[in-house]
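Quick notes on the structure that follows.
Labels run A, B, C, D, E, F, G and H following the written order; every chain starts at residue 1.
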Amino acid sequence: MSTADGTWNVYLSGEIHSDWRQRIADGVREAGLPVKLLAPVTDHVASDDVGANILGEEQDQFWRDHKGAGVNAVRTRTLLQRADVVVVRFGDKYRQWNAAFDAGYAAALGKPIVTLHDSELAHALKEVDRAAMAVGETTEQVVEILRYAIAG
Amino acid sequence: MSTADGTWNVYLSGEIHSDWRQRIADGVREAGLPVKLLAPVTDHVASDDVGANILGEEQDQFWRDHKGAGVNAVRTRTLLQRADVVVVRFGDKYRQWNAAFDAGYAAALGKPIVTLHDSELAHALKEVDRAAMAVGETTEQVVEILRYAIAG
Amino acid sequence: MSTADGTWNVYLSGEIHSDWRQRIADGVREAGLPVKLLAPVTDHVASDDVGANILGEEQDQFWRDHKGAGVNAVRTRTLLQRADVVVVRFGDKYRQWNAAFDAGYAAALGKPIVTLHDSELAHALKEVDRAAMAVGETTEQVVEILRYAIAG
Amino acid sequence: MSTADGTWNVYLSGEIHSDWRQRIADGVREAGLPVKLLAPVTDHVASDDVGANILGEEQDQFWRDHKGAGVNAVRTRTLLQRADVVVVRFGDKYRQWNAAFDAGYAAALGKPIVTLHDSELAHALKEVDRAAMAVGETTEQVVEILRYAIAG
Amino acid sequence: MSTADGTWNVYLSGEIHSDWRQRIADGVREAGLPVKLLAPVTDHVASDDVGANILGEEQDQFWRDHKGAGVNAVRTRTLLQRADVVVVRFGDKYRQWNAAFDAGYAAALGKPIVTLHDSELAHALKEVDRAAMAVGETTEQVVEILRYAIAG
Amino acid sequence: MSTADGTWNVYLSGEIHSDWRQRIADGVREAGLPVKLLAPVTDHVASDDVGANILGEEQDQFWRDHKGAGVNAVRTRTLLQRADVVVVRFGDKYRQWNAAFDAGYAAALGKPIVTLHDSELAHALKEVDRAAMAVGETTEQVVEILRYAIAG
Amino acid sequence: MSTADGTWNVYLSGEIHSDWRQRIADGVREAGLPVKLLAPVTDHVASDDVGANILGEEQDQFWRDHKGAGVNAVRTRTLLQRADVVVVRFGDKYRQWNAAFDAGYAAALGKPIVTLHDSELAHALKEVDRAAMAVGETTEQVVEILRYAIAG
Amino acid sequence: MSTADGTWNVYLSGEIHSDWRQRIADGVREAGLPVKLLAPVTDHVASDDVGANILGEEQDQFWRDHKGAGVNAVRTRTLLQRADVVVVRFGDKYRQWNAAFDAGYAAALGKPIVTLHDSELAHALKEVDRAAMAVGETTEQVVEILRYAIAG
């Protein structure tokens, strides 16, 4: 039986201030896995400004953010719905509520979730981790999980 | 990470008496986006007459329209369900209730919606715009939203 | 076999500037039907101002409408999802895109739709009417349809 | 038309270290609204210990949390699915990732969301707020939204 | 443990020219089962004429039927969606394609189906029977199945 | 805008004793449409005997049919779920309850339906036709509907 | 806030040769919980014979079982779909594949699952337990979980 | 009409201690069927140890299994959701509750199921078999069913 079961879409949600996505991309490429990695826009400034940049500046910061979040959601909702597996990364900075939101969204759609965070965040993340199929601390572990899940 | 996340199906609903679809098509092509644009039949006469043309003439205009709307719905329902993103255009002429209908249909299916209309229609369209992730006034803005959503 | 099959939730969407909802309510009560009529808030000013009134005034009319539409949607989405049947009324004034939006939303959820409008609107409403199970011109007809559907 | 459209189930997700739920309960009762308020267990110690208390102590804190989160999820998943409207409260302490998770879960199910938080959290919460129909800063505003949505 | 698990909605689809529904109603009542029996309108003439009667006469028989079928569908779709169990009766006269349609509709919604027909129809009904959980030949059998399913 | 919107899966349900599927296949090929035609096994004997042939002979005709219907359903359920559009053909012989069952199944899944039958069957098929987007009498009409829906 | 959040439907799947259901029923009653306990028919002989008893004897044991399983499924599918929480009990005798089947069915519907079995079965049940929110060994634990989930 | 209706994803669930998957793979290849066979990881030791191997060793066997089952579920849930048809094999050793769980999961998703087991297991498997479209005893029968379903 073939170990290659078609392309897997893996959405990488969460932290944008470290190189974890690149490390997973490197690991997946080295392992030769048939994976298409999906992600939100990770350029913080571009992501924050996209609403104002495309649709016009706003005076009120709340609506400026609202516009930007809408444009980003065109991307993230589409890719989340296209994903086979959702990896959610929580870093030690920022609150990353959008990562937890994505996890809840994926859980309701019945998609397998893998969380990735340091152990000191485990207590605060226990509800999210409970909804996940695996909880990793390193990108190497995530790559190994994908390798096992896809290539057996 | 690749910025090309596969082909996106974008359904362009609404106004058929201006060149907005062509302008988006031009913009998408120039931007080199992996987008397949889907649309209803935009030839007004062909669309109005298709029921009578294929299935036989009707004396009663109501049933003539009913037949035609059914044949058109074979196309539009299929393409709406296939769409990743739905763009809904409201022009200043005609009531375009079918565009608002499509927006409601897409909203119930959880698909991201982008509306496109002049600002003077904003008050009348507030419920539809509230269900959208972005509200643009120009086709350039729609292309930019697609570019950002797809290519990051 | 009993003709009373439990309470029916009937959502009355659309026009707010005539007494059509009251006439259906009167007809339903006179017919003794086990119907709970659901509706959006029909006080035009209250509906337009609710966002600003509760959540704070806005300088920009677009966001003022956006806020108001959101608060109204808390009501309308909940009631639409609770409805067994959705009646959608189009009047000759205003564009009532929200009525067509509700029809599309209901259609995607598989709920039976009844439209109510004058015959001169029929051509413009052909796509919405095609998605409906019945197209009436008078509130008496709507009451009769409910009576037949519920009491046999 | 009656303003009483049946009982509304309103789930109150999030912060457990302030009296916001009680204040909403007081406001809802004073307004005479037909609302059933649903909530997670808000006794922090009871919630943290429930897994170990019922199913046996664990040496490893991670699995202790995992067990507890599972028992809590029997409650929260059931109530979230039963909710008509989900109110999500973010306080200034703790990360409340479970609140954001609940918001994502509710969004995927198409349930109307109302968020409640101070304005200084708005930027960090912009993705969650974008998925909400209303963003309030006070419990009085939430009660008013419920009053409007339910009683018109 | 109580044997009474709440009220069961049982939809009785199909043949309208024999007394099978009444016999099931009698049997259910004698057995004291907490069953609400749902059904299409079984007055053949009323059912055929309802569209023309309420919404206006049609010259073309096809559209006359179409109108009538729509009004009947307001009832049948609502009741089918409300049903816990769907009983589908095929008689020896008429083709009763609507009964088979209802069975397909119920099957796609995951509702348990019981078919009721003479053995000589079994070969022609094999696909519908295959989608059913039980195939009976008498109304007594249907009542017994309901009694067992509900009261144990 | 391209008129080629990807491949359309069209399921051809119903009558197996005439050449209607071949005529649609010929028409689709001549029109150059990107259509994949799906169908049940149309060899009557092979279809009737498949259960006994593969899984062992049965003495009781009912269970022989039951087995065969199950094996056929592995094919038909999969293809129905894969279909974009479902064409349902009713001939003048046989009762073709499985065709009506397929129509109900497709309707519940929200797939556009086209029925194909002679006008003398229209009254008996009114409920099925009401759930369809188009009602044709000839295979040429079906091909024209597909051509319009796909190629515009 | 009230601790009574309405009635909870709890389906008790699995082992029928011990008194575990009665013990949970006793515990729930003593705790005064608003729980409606649902269950398959637990009389082994009645359950095995119901198909033959109601629908006629079969010579072939396979079809005799098939008939009986169908009638039982009218009950179990309805109650599983009605359940808020599903408790699945595995005993040390018999294979209870139907219990695992019910767990899979409940998991796909997103319903919270609690498993109940001795620790020596844990390795063999690891996939089912992984899909559960809690894994108990005693009926007292199940009652405590329900008490916590419902009454807080 | 072509007999090749695109690639079919067939998930092979259950027994891992015999060569049944390989025999189906051989049969499918010899028949030239466009089938992609999907399966869990069938290396018993690798499957049992994967959680500990990737995510770290556990002292408690229950949590060691829990971790492993989670990683395996990333694979199995994804492939089950991707499957067109699910074949479930029960051998005479081990309890294979995960196979029955997969069958229940597939049934709730409406996917056609084929079971494969010796006749002496039939009584114990009657509920699972009732949810299947075919019950085979040999891999040759499964291959024949796939051949018929796919190639006609």
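Just a few scattered comments:
Please note the rule applied: contacts are C-beta pairs under 8 Å (C-beta built on N, C-alpha and C of every residue); 3 or more make two chains touch, one makes a residue touch a chain.
Predicted model, so just to flag it, every value in this text is computed and none were measured.
Common neighbours of subunit C and subunit F, by the contact definition above: B, E. A turn of 90° superposes the CA atoms of subunit F on those of subunit H, with the angle given to the nearest 5.
Comparing F-H with the candidates A-H, C-F or E-H, the pair whose contacts agree for more than half of the residue-numbered pairs is A-H.
Between C-E and D-H, more C-beta contact pairs are found at C-E. Look at where the CA atoms of subunit D average out and do the same for subunit E: the two points lie 42 Å apart.
Measuring from the averaged C-alpha position of subunit A to that of subunit G gives a distance of 36 Å.
Each chain gets one centre point, the mean of its Cα atoms, and the points for subunit A and subunit E are 48 Å apart. Among the residues of subunit G, those touching two or more other chains are numbered 70, 73, 108, 110, 130, 133, 135.
Across the whole structure, chains are in contact as follows: A-B, A-C, A-D, A-G, A-H, B-C, B-D, B-E, B-F, C-D, C-E, C-F, D-G, D-H, E-F, E-G, E-H, F-G, F-H, G-H. Those residues of subunit C whose C-beta lies close enough to touch subunit E in the complex are 1-2, 5-6, 8, 84-85, 110, 112, 114, 132-136, 141, 144-145, 148-150, 152.
The touching residues of subunit B, counted against subunit F in their complex, run 21-22, 25, 36-39, 41-43, 50-51, 54-55, 67, 70-71, 73-75, 77-79, 81-82.
Against subunit G, in their complex, subunit H makes its touches with residues 61-62, 65-66, 68-70, 72-73, 76, 90, 94-109, 119, 122-131, 135. In the complex of the two chains, the subunit G residues touching subunit F come out as 58-60, 63.
Across the interface of their complex, subunit C is touched by residues 108, 110, 130, 133 of subunit F.
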